[in-house]
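Next, two complexes with subunit A in common: one pairs it with subunit B, the other with subunit C.
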Partner chain A sequence: MTDTTTHSAKGLTMGQLAPWVIATAFLVAMPWIFASNSAITIMNQMAITIIFALSYNMLLGQGGMLSFGHAVYMGAGGFMCMHVMNMVQDQGLPLPLPLLPVFGGLFGLGLATIVGSFSTRNAGTVFAMISLGVGELIAASSVIVVSFFGGEEGISGDRTYGLPVFGVEFLRQIEVYYLIAFWLVLSTLLMFLFSRTPIGRMANAVRDNPERAEFLGYSARWVRFYSFCASGFFAGIAGALFAINYEIVTEENLNLGLSGAILLITFLGGIGVFFGPIIGAIVFTLLQTVLSLQTELWQLYVGALFLATVMFFPSGLAGVLMMHVPAIKMGKWRYLVLPYVKTLIPAIFGILGVSAMVEMMFHARHAPTGDEEMGLFWMTVDSTSPLPWLVAAIISVVCFWVTRRNAPELVAAWHMANTPDGGSA
Partner chain B sequence: MDLILVNIIDGLVTGLLLFMLSAGLTLIFSMMGVLNFAHASFYMLGAYFAYQISMYLGFWMGLLIAPPLVGLIGAAVERYGLRRVHQYGHVPELIFTFGLALLIEEVVQFFWGRDQMPYQIPEALQFVAFSISSYDIPAYKVFMIFLSLIIFGGLLYVLTRTRVGMIIQAALSYPRTVEALGHNVPLVFMGVFGVGTALAGVAGVIAGPVLSTFPGMAIVLGSIVFVTIVIGGLGSLGGALIAALIIGWLTTFAKTYNVRMEDILTTIGFTKPEPIGDSGWQDLWTLTSPQIADILPYLLMVLILVFRPHGLFGKRDA
Partner chain C sequence: MTMHASNLTAPALDIVGLRKSFGKAEIIRGIDLEVYKGERHAIIGPNGAGKSTLFNLITARFAPTTGSISLHGQNLAGMAPYQINRLGLSRSFQITNIFPKMTVFENVRCALLWSKGYKYSFWNIVSRSQDLTEGADAVLEQINLAGRRNLPAGVLSYAEQRALEIGVTIAGGADVIMLDEPTAGMSHSETDYIVDLIRKVTENKTLVMVEHDMGVVFGLADRISVLVYGEIIATGAPEEVRGNPKVQEAYLGAALEADH
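== the complex of A and B ==
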């Protein structure tokens, strides 16, 4: 759960700066690599999700507070941003579009200040339940308070209201991409720096042992409160970017479904490492956009993946990556390559075999009668005939058997790669 | 007056139904210290299983077979899922049950699709039990009330009067001591989890035909069940009963009596701004109690948690 990065207190080193420079360069270059409109749409969605997931991890990973209503702050920021956008359009205030996320953030901050004043007294279950209750309350009142939330159809606006910034009017998707990318880098940097401030460090201490932190003279409640407010601010920024990108905000942007999704995304990525939620957001957005084109059942797979993560890799994808750092540092990662190939490739085919059976079962159950053909892995199969079932079953059984047989080899290689030379670990 | 009586009966039905769910949940919580987010999903499974069984064997066999099936699944989840996650701490446990709830909803959609199931009240109970002036009380409601009361009585008897109940109660407070005395505490935990989920299954079987059987039914009821046990005080069976009844009556009365904010505000002495469409307070003036009936429990929960974190009858912090 702990962050393993150590660094000196003063001065910046190349090693600290390099990831940021590379990431920024990468963000600038992305639209040239993936130039199509749909790719840019996916990347925008991804960037917004990253900010939102990182802000959520300020609570869950760094502060140890499990929230079931974090979407409220994102949604509130989105609604506020949309109102400001419409106000600027109606009254011609001199506010350029790139500044609007600040208003979303401030509104999220304000709301978090109010809610946090009573919800951060305890961590754990009380906090989780209050967040659930407040989340339900605000999501339900969004349908009642029509003047702010716009009722069921939400509120919409127009981001191209004039006042071009250096000649950019945000008509095209790519211009919005760069706006979002700018805010992505800025908020990520700020959130990272927050985690390095004394208050960010104390949040970790309060998460691990609130009693001891109190003995050191820190109020656990205030530490939680500050983390909570900061988290609300960045969630608001994410919401404002959503409003700018999609030009519509509805009740769906603050309901429980989204709160649950962000918990899933953050946990999938890994809550113990700062960059974990970034990985989670990227993977989830890809699954959401790419996998959902392939199969109707993508949510079933994502749910299964999530449950498997909680059960077997509670440190998430980032945690799994970080597990390899010692082996790489000792230069022994080569021992792992072959065993990985031997176990993972059959495992992947085994999973594909099972999913083929799942897909055929779904098709056989729900397709209209007479429609027996279905597309499966670029083939056309008949979901009612026994042959494809047999093939899929044999593939999965054989592959899982191979995986199981080779697994001890991987474990042995793992121990070898993680043992320093000339001594026992 | 008649309407009040009818509402009391309706609220009682809702409340007892809620209680059947929250009883299992609160027992599970006092044992493992974890709130089972998937509890309402077991309720949904109960309804779907019973529907599937009732297609072949009729409603009564569904009522008999579905809850034990759900209980078996629940016990398996405890044995192979929760026990494994337990070592990582409470937050991963909570997240695990949350993920389980998502997965069960997806699995239900996988097998039964997204549409509502034609799960019906049995023919033997499709008559009017009695009438209060012009309002008919269907026999099924009376059946629901009696079944819930019987289950509540049975639960109380088992927990307080039998040897098994004593061991369970002791294991709730001092699991290690009970284990040292030679009892298989993990088995007790698994059993209680199974029985708790089976109770949720019973609730699903009898609520399915009334509240309709569809993939969203777990979410609709799920968070209300939480609210119930948090208000009642986590781990308190009696508190869960009281809170369930309060919530049942609160929502029923708020839905039937159309209390309008306009009337309240005028009584206090405010004047209604005209035309109402221009006023910033428009939404406040047009508010009615049926509109907010469904969020009243949440409001109550947040207030309780702020002012009395133990809940009404809880002995320990939530």
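== the complex of A and C ==
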């Protein structure tokens, strides 16, 4: 997202406002489109993950800091929010639920201020190792400091503690959805604006070239520190929303597993564009919820997708989308449609063929003896008989062969679509 | 042409007894140098003389082994690069050192932020600050890159990147500008272009410039210091230095041999 609007410094343009208006309208409308309770649960999870991933990208994408312990700030915000929730309930304080994420955010900010004071001295490997160490340290203390982290059971609470806020009791999922959606829009807007402030711009500068930034009067260390604190704040908000949504926070909300997952999500979506982590969070949450109902091996597929992204599309899903912007601007995207159909559809079927074999293998190895039937793409097949294996293998081989044969056509079309008329690009 | 500022006022840069060793190798072997306010001072010398080391010592990339460096009378010992920059010293780099992913305009705007007082602000939106936009555009005009304003800096030609490097160096309004071999790797015409640019943008400023080739700085510098094996063997006006037998022996002879 380069800054192309600097010429008109005064007044907001439609182009600047439109994405926000559309996204907000979309969020308001979603529960009518997907009205089931499970869909709303998935959307809540998605929104929380989006805030978390965007906060992580303030470090990784915008500040060039690879953290292996970002879940700590989310978890800390979650635990704090839960304690505040329980305290407010016990004391009967007049603090409405929608304001609780502020406390989660402030606690995340406080913890990030402490850790950042020594971890942001360096970027690179030193920063990564410190984040890993701190992450492990706090995850370990969650079992030790039982009064704060609640040991293995974690801490639970009741979000319906207070008097209704404008008649809303937060009993139903949909009410929580709108609470989360409000914080999602607010946090995303603030994080976006942060990236446009002097400190946000210098975070990019320090990421690309810390030495140069120092000779422009900025301490690379302090620039990293402020980004780190801001990132901790928004991670804390995500944690608080998690606490409100699930009414329980455990060690799983701050351990290394979650820290790794958020790295994966952010990278999958793309760290180079602001909205990249949003895509990553949506895709990952869908895989985590929808795909995991279909197959026990969902993590294998997520891993394969992640690997493919790192190896072939290091700019992530958002990067792949952005690659098409020049062709669309030149009105030449039409050239790409047919070649895409001719390569992607066989490729998808090829991948499905391979995954069918993987599923059959898993079933044949792990199902109890005698249970030979398994569900596979709305069919029932016998995982021990050779026929389904043969079919799957043939489909994969043929489809990949077709993909390969049609690939040069796509490359040629790509080149044509990205070449301006009357000259070579 | 020489602008011998009154010795009563502190020199822009004052280097006293400067030494720097890396392990057992002493690269800078006792340098005393005064750079007057408002002069253009070139430090020349053959390869391996320690020019870049001296440059990096002044700008706190390295810490001196012994000796002191003062900027406007203030000792720079123990300061970080960003602190020195805030005192009014800005430097360029021998290897082009810009922000390649940012646009040309953004590169210059980043260089303006601190001096315009934005510091670590997280409540201003940079694109809505008129003074930044105007300031950056003025610098782009000065370095003749206005036509490249919205391109990523990484796609500029080498000479253009060098010009941008100079623009980024001067944008913050520092009064002491240090350029490290700004014409390295350039053709003759490109070199002439950059030298003219340097002359233009360092008007009324103090310039310290490290250069391998004496010809480049001859028309530009008010004074030249010749650095050989970590020592300054001569300082003076260009004509004076060129006529100095020690310089001819140690530097120009070697350079002539290398050239022909």
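Couple of notes before you dig in:
We take it that the second predicted complex is superposed on the first by the 416 of 425 C-alpha atoms of A that agree within 3 Å, B and C clash if a C-alpha of one lies under 4 Å from a C-alpha of the other, contacts with A are read in each partner's own complex, and residues count from 1 in each chain.
Quick note on the criterion: a residue touches a chain if its C-beta (ideal position, glycine included) is under 8 Å from a C-beta of that chain, and two chains touch if they have at least 3 such contacts.
This one's a predicted model, so the numbers in the text were calculated from it and none came from an experiment.
With the two structures aligned on subunit A, subunit B fits next to subunit C without clashing.
After overlaying the two complexes on the shared chain, residue contacts for A:306 are found with subunit B alone; subunit C is out of touch. With both structures placed on the common chain, the touch criterion links A:214 to subunit C but leaves subunit B unconnected. Between the C-alpha centres of subunit B and subunit C, as viewed from that of subunit A, the superposed structures give an angle of 80°, to the nearest 10. Touch criterion met: A:362 reaches subunit B, while subunit C stays clear of it. Of the two partner chains, neither subunit B nor subunit C is touched by A:317. Of the two partner chains placed by superposition, only subunit B is touched by A:125; subunit C is not. In the superposition on chain A, contact of A:42 is made with neither subunit B nor subunit C. When the two complexes are laid on top of each other via chain A, the two nearest Cα atoms from subunit B and subunit C are 14 angstrom apart. In the superposition on chain A, no residue of subunit A contacts both subunit B and subunit C.
Contacts from subunit B toward subunit A in the complex involve residues 35, 81, 84-85, 88, 90-92, 94-96, 98-100, 102-103, 106-107, 109-111, 113, 219, 223, 226-227, 230, 234, 280, 282-283, 287, 291-292, 294-295, 298-299, 301-302, 305-306, 309, 317-318. Against subunit A, the residues of subunit C that register as touching in their complex are 59, 61, 80-82, 85-86, 90-91, 93, 97-103, 105-106, 109-111, 113-115, 118-130, 133, 150, 168-169, 172. Of all the residues in subunit A, the ones that touch subunit C in their complex are 2-7, 9-10, 193-194, 196-202, 204-205, 208-209, 211-220, 222-223, 226, 230. Within the complex formed with subunit B, the subunit A residues making contact are 60, 64, 66, 118, 121-122, 124-126, 128-130, 132-134, 136-137, 140-141, 144-147, 256, 260, 263-264, 267, 297, 299-300, 303-304, 306-307, 310-311, 314, 358, 362, 365-366.
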